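Alright, structures below, take your time with them.
Next, two complexes with chain A in common: one pairs it with chain B, the other with chain C.
Now for the complex of A and B:
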C-alpha cells in the first residue's frame, strides 16, 4: 500500500480529481469533506501528506491548518494548500489570527492556486513524498 | 487599488463617513458585504451572522458558546448546513477582509480591519473619534432615537467594542499610532472629514518607508 494522502475539500468534483491524481501516482487517497472531518481523519489515519482546501463550510482550511501546525503530534505532516484563494490572502489571514492571540504557524510546504493541472499536482506530491 | 479602513467610536458617524468616502472615491463600501460573504462561506444565513455580530462580546454570546457544542448544533441542523461560532466567525472574517482588501478600491468599516490589514501595502487606516455627548446627539439626529435610548445604545456599544477587542487580545484600538489619520468629529464636519480622508488616498503613501 502506497503512502497515504488525505484530501480535504468540500467539492466532490475536486476530491474526485485529487483522488485520481493520487491513485494514478501510486499513493493511497483518503477523503474528508471539511476541516472537522479532516482533523478526525488526520488523527485516525496519520497520513503522509494533506492536500487542503481553504474555503469550506463548518471548520475551514484556515482552522485545520492551524490545528495541524500547532499540534506537537501532527505538525510534521506536510500540507499542500489547494485553493482558489490567493497565497498572500491566506498568509495575511494566518498572520492576523496570530495577531489576535493565536500561535504563530509556518507557511505551508506548497501553496497551489486553483485551477491546478494534474501534472503539477502529481509533481508536487512526488516532490514531497518521493 | 487602495483600501481604506475606518475604525470608529460608536456614534461618531463611521458608517456615514465610510459611505461618503466610498462614493467620492468610486470605491465599494464593505459593510453588509462582509456579512453576506461570511454567511456564504460558512453556509449559514446572513441573519445568523448579523445576529452573531450583534451579540458578539456580550454575555449572551459567551453563555451560548459555552452551552451549545458544535456537535449539538450539527445535529440540530442535520448536517445539511454550516454553523458559526466565535472561531469560525473569526477565521472567515480575517480571510474575507484580506480578500476584499486584495481586490482593492474598497472602504472597510471596522471589524478589526486595522489590525488584519496592518501591513497591507495599499491600506490607509482611519480612526474616527468624538466625545460621548456628541455621539449621543449624532444617534438622536441621524437615527431618530430618544435621548435616553441614544445614551443606552452608545454606552452599550462602547462596552461591546471593548469586550470584542479584549477577546482578540487588543486594548490599543484607539491608539493613534495604529492609524494614518485620526479624525475628531468634535472639531470636524463629516464633509471636511471625508475630504481629508480622500486627500490622504489621492496623495498619500500607505507605507512611507521610501521617504525616510
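Now for the complex of A and C:
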C-alpha cells in the first residue's frame, strides 16, 4: 500500500481530480470536504502529505494550516496548498494571524495556484514523498 | 443707631442752653446758633440731620431759615418751634416742608415724639436711598449682563457655520449672518430691511413658516434647494421656527446648512465605492474562474486517462466534470450580466402566486432529491397585479434554491427539512413574498456579508453573486429585501414589492 495523501477541498470536482492524480501515481488518497473534517482525518489517518485548499466552508485552510503547524504531533507532516487564492494573500493572512498573537508558522512546502496541470501536481507530490 | 446731629437755633440763649443740655442727655450731638443767619452758616458747616428752629427771631426768622434749608437740602428734617397759639405760622411752616412743629413752652414729651418722628423719617429715607442705590446697581448689572448676552448672541450668530436668517413680525429680514451670505451670495446690507422672506426663500419653505404661524414649533430639518443671487440652485438642509411671545408673533428664524460640500463628498464616495467594488469583483471573479478552470483541467485529465486506458467509467466521470463546469461558467456569466447591467423593471400584468408556484415546481425535483419538502402558502386575494414578473421569478429562484442549500448544509439530520414560500398582500399596493427554511441558519458574521459580492458559504458551489443579483432586481423594482436568521434554526427572506393596481395597469 502506497503512502497516504489527505485531500482537503470543498469542491467535489477538485477532489475527484486530485484523487485521480494521487491514485494514478501509486499513492492512497483520503478525502475531506472542509477544514474541520480535515483536522479529524489528519489525526485519525496520520497521512504522509496534506493537499489543502484555502477557501472552504466551516474551518478554512488558513486555520487548518495553523493548527497543523503549531501542533507538536502534526507539524512535521508536509503540506501542499492548492488554491484559487494567490500565495501572497495566503501568506499575508498568516502574517496577520501571527501578529494578532499567534505563533509564527513556517511557509508551506509547496504552494500551487489553481488551475494546476495534473503533471505538475504529480511531480510535486513525488518530489516530497519520493 | 447712628448718633443724629441736631442744629438748635434760637435767639434766646437760655432756651438754647436748656434744650441743648436735655438733647445731649438724650444722646444727640447738638450744635447751636443764636440767629437765622448764624443757623444757616452752622447748617452749611455741620450738615446736621435735624434742625430745630424758633420761628420768631430778629433778622432772619424761622420760616425763612426753613425755606433756605429746604433749598439747600430738601431731605433735612426741620422742626419749627412756635409760640403758643400761633397756628397760622405753624401751618405755613408745614407748607414750606417742615417736618413738625412744637409749641412753646417746650414739653419734653412733645419734643421727644417730634424728634422720634423726624428720626423715623430719616431712617426711612436712608433705607430708601440705600434701596434705590441697590436697585440702580442691580439695573446696571442686569443691563451689563443683557449687553454681554446680546453681544455673545450676536457673535454666535455671526460665527455660526449655519446660515441664519431672521425676520421681524412682518417677515422683513433683520438678521442675515455671514453663513447666510455664503449660501445665498447676497451681502448683509443688500438684504437686511430690504428683503421680505418671499424674496429670498423658496415657496415650500415660506409655506412651512406660514403654516407654522399657528404655533411656535420648529419645523424639523428638511432638505430643499434655495436660489442664490447668481441663480445657482443650492442644496441645503433647512429648519425654521416662528417666534412668539404671549401668543403674538415676534418674528421668525431659519437655519440653513450648505449641502454642496456634503453632496460632493457623497458623489466622490459613491465613485470610490464603485471603484472598490470593481476591484473586489475582479478579485472575486478571478477566484471563481480559477476554480472552474481547475474543474475543466480535472475533467479533461480524467477523460485523457479514460481514453488512454479504455476506462469508460473514468471517461464518463471526466466528461460529466467538464459539463458541470460548463454549467458553472454559464451561471457565472448570467449572474455577472444581470448584476452589471442597469435595467428598468418591465411591468406586466401577472399573478405573484403563479410565479411562486412555478418557481417551486421548477425546484421541487432538487428539493425532493435532497429530502427537503417544498411548500407554498399563497394568499388568494392577491390576484393579478402589475409588476416585473421576470425579476420576481429570478429573485425567488435564487432565494428558494438558497433555502434548499441551507437545508442540505444543515448538520441536524433529525429535522424534517422544509422550505416554504408565502405570499401576502400588504395594503393596496404592496405584495410580500417570504421564503422560509429551517436549515442551518446564519451567524451574524455571515449575515453582515450577505449582500457583498463573491461572498459564498457554499464553497466552490456558489458564485457569491446570487443574493447580490436578487437584491439588485428587488431594488430596481423599488422594493425591499430583509433577512432574519438564527444559526441552527433557519432563515427567512422577506421581499416587499410595490405593485400597480390591476385596474390602473389595465387602463394604462
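As a working rule, the second predicted complex is superposed on the first by the 130 of 130 C-alpha atoms of A that agree within 3 Å, B and C clash if a C-alpha of one lies under 4 Å from a C-alpha of the other, contacts with A are read in each partner's own complex, and residues count from 1 in each chain.
The definition used in the following text is that a contact is a pair of C-beta atoms (placed from the backbone, for glycine too) under 8 Å apart; a residue touches a chain by one contact, two chains touch by 3 or more.
Since this is a predicted model, take the numbers as computed values, not measurements.
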Is A:63 contacted by the first partner chain B, the second partner chain C, both or neither? first
By the touch definition at the top of the document, which applies to A:21: first (chain B), second (chain C), both, or neither? second
In the overlaid three-chain picture, which partner chain does A:116 touch, first (chain B) or second (chain C), both, or neither? second
Looking at A:106 after the superposition, I want to know if it touches chain B, chain C, both of them or none. Which is it: first, second, both, neither? neither
Just to be sure I read the superposition right, which of the two partners does A:85 touch: chain B = first, chain C = second, or both, or neither? both
So, does A:93 touch the first partner chain B, the second partner chain C, both, or neither? first
Output check: A:11 vs chain B and chain C. Expected answer is one of first, second, both, neither. What do you get? second
Partner chain(s) touched by A:127 [first = chain B, second = chain C, both, neither]: neither
Following superposition on chain A, which residues of chain A contact chain B and also contact chain C? 55, 57, 85
Name, in rising order, each residue of chain A that touches chain B in their complex. 36, 54-55, 57-60, 62-63, 85-86, 88-90, 92-93, 95-97, 99-101
Within their complex, chain B touches chain A through residues 41-43, 70, 74, 81-83, 87-88, 90-92, 94-95, 97-99, 101-102, 112, 115-120, 168-170
Considering only the defined contacts, which chain C positions touch chain A in the complex? 286-288, 290-291, 293-299, 301-302, 305, 314, 317, 321, 324-325, 409, 457-461
Within their complex, chain A touches chain C through residues 9-14, 16-18, 20-21, 24, 34, 55-57, 84-85, 113-118
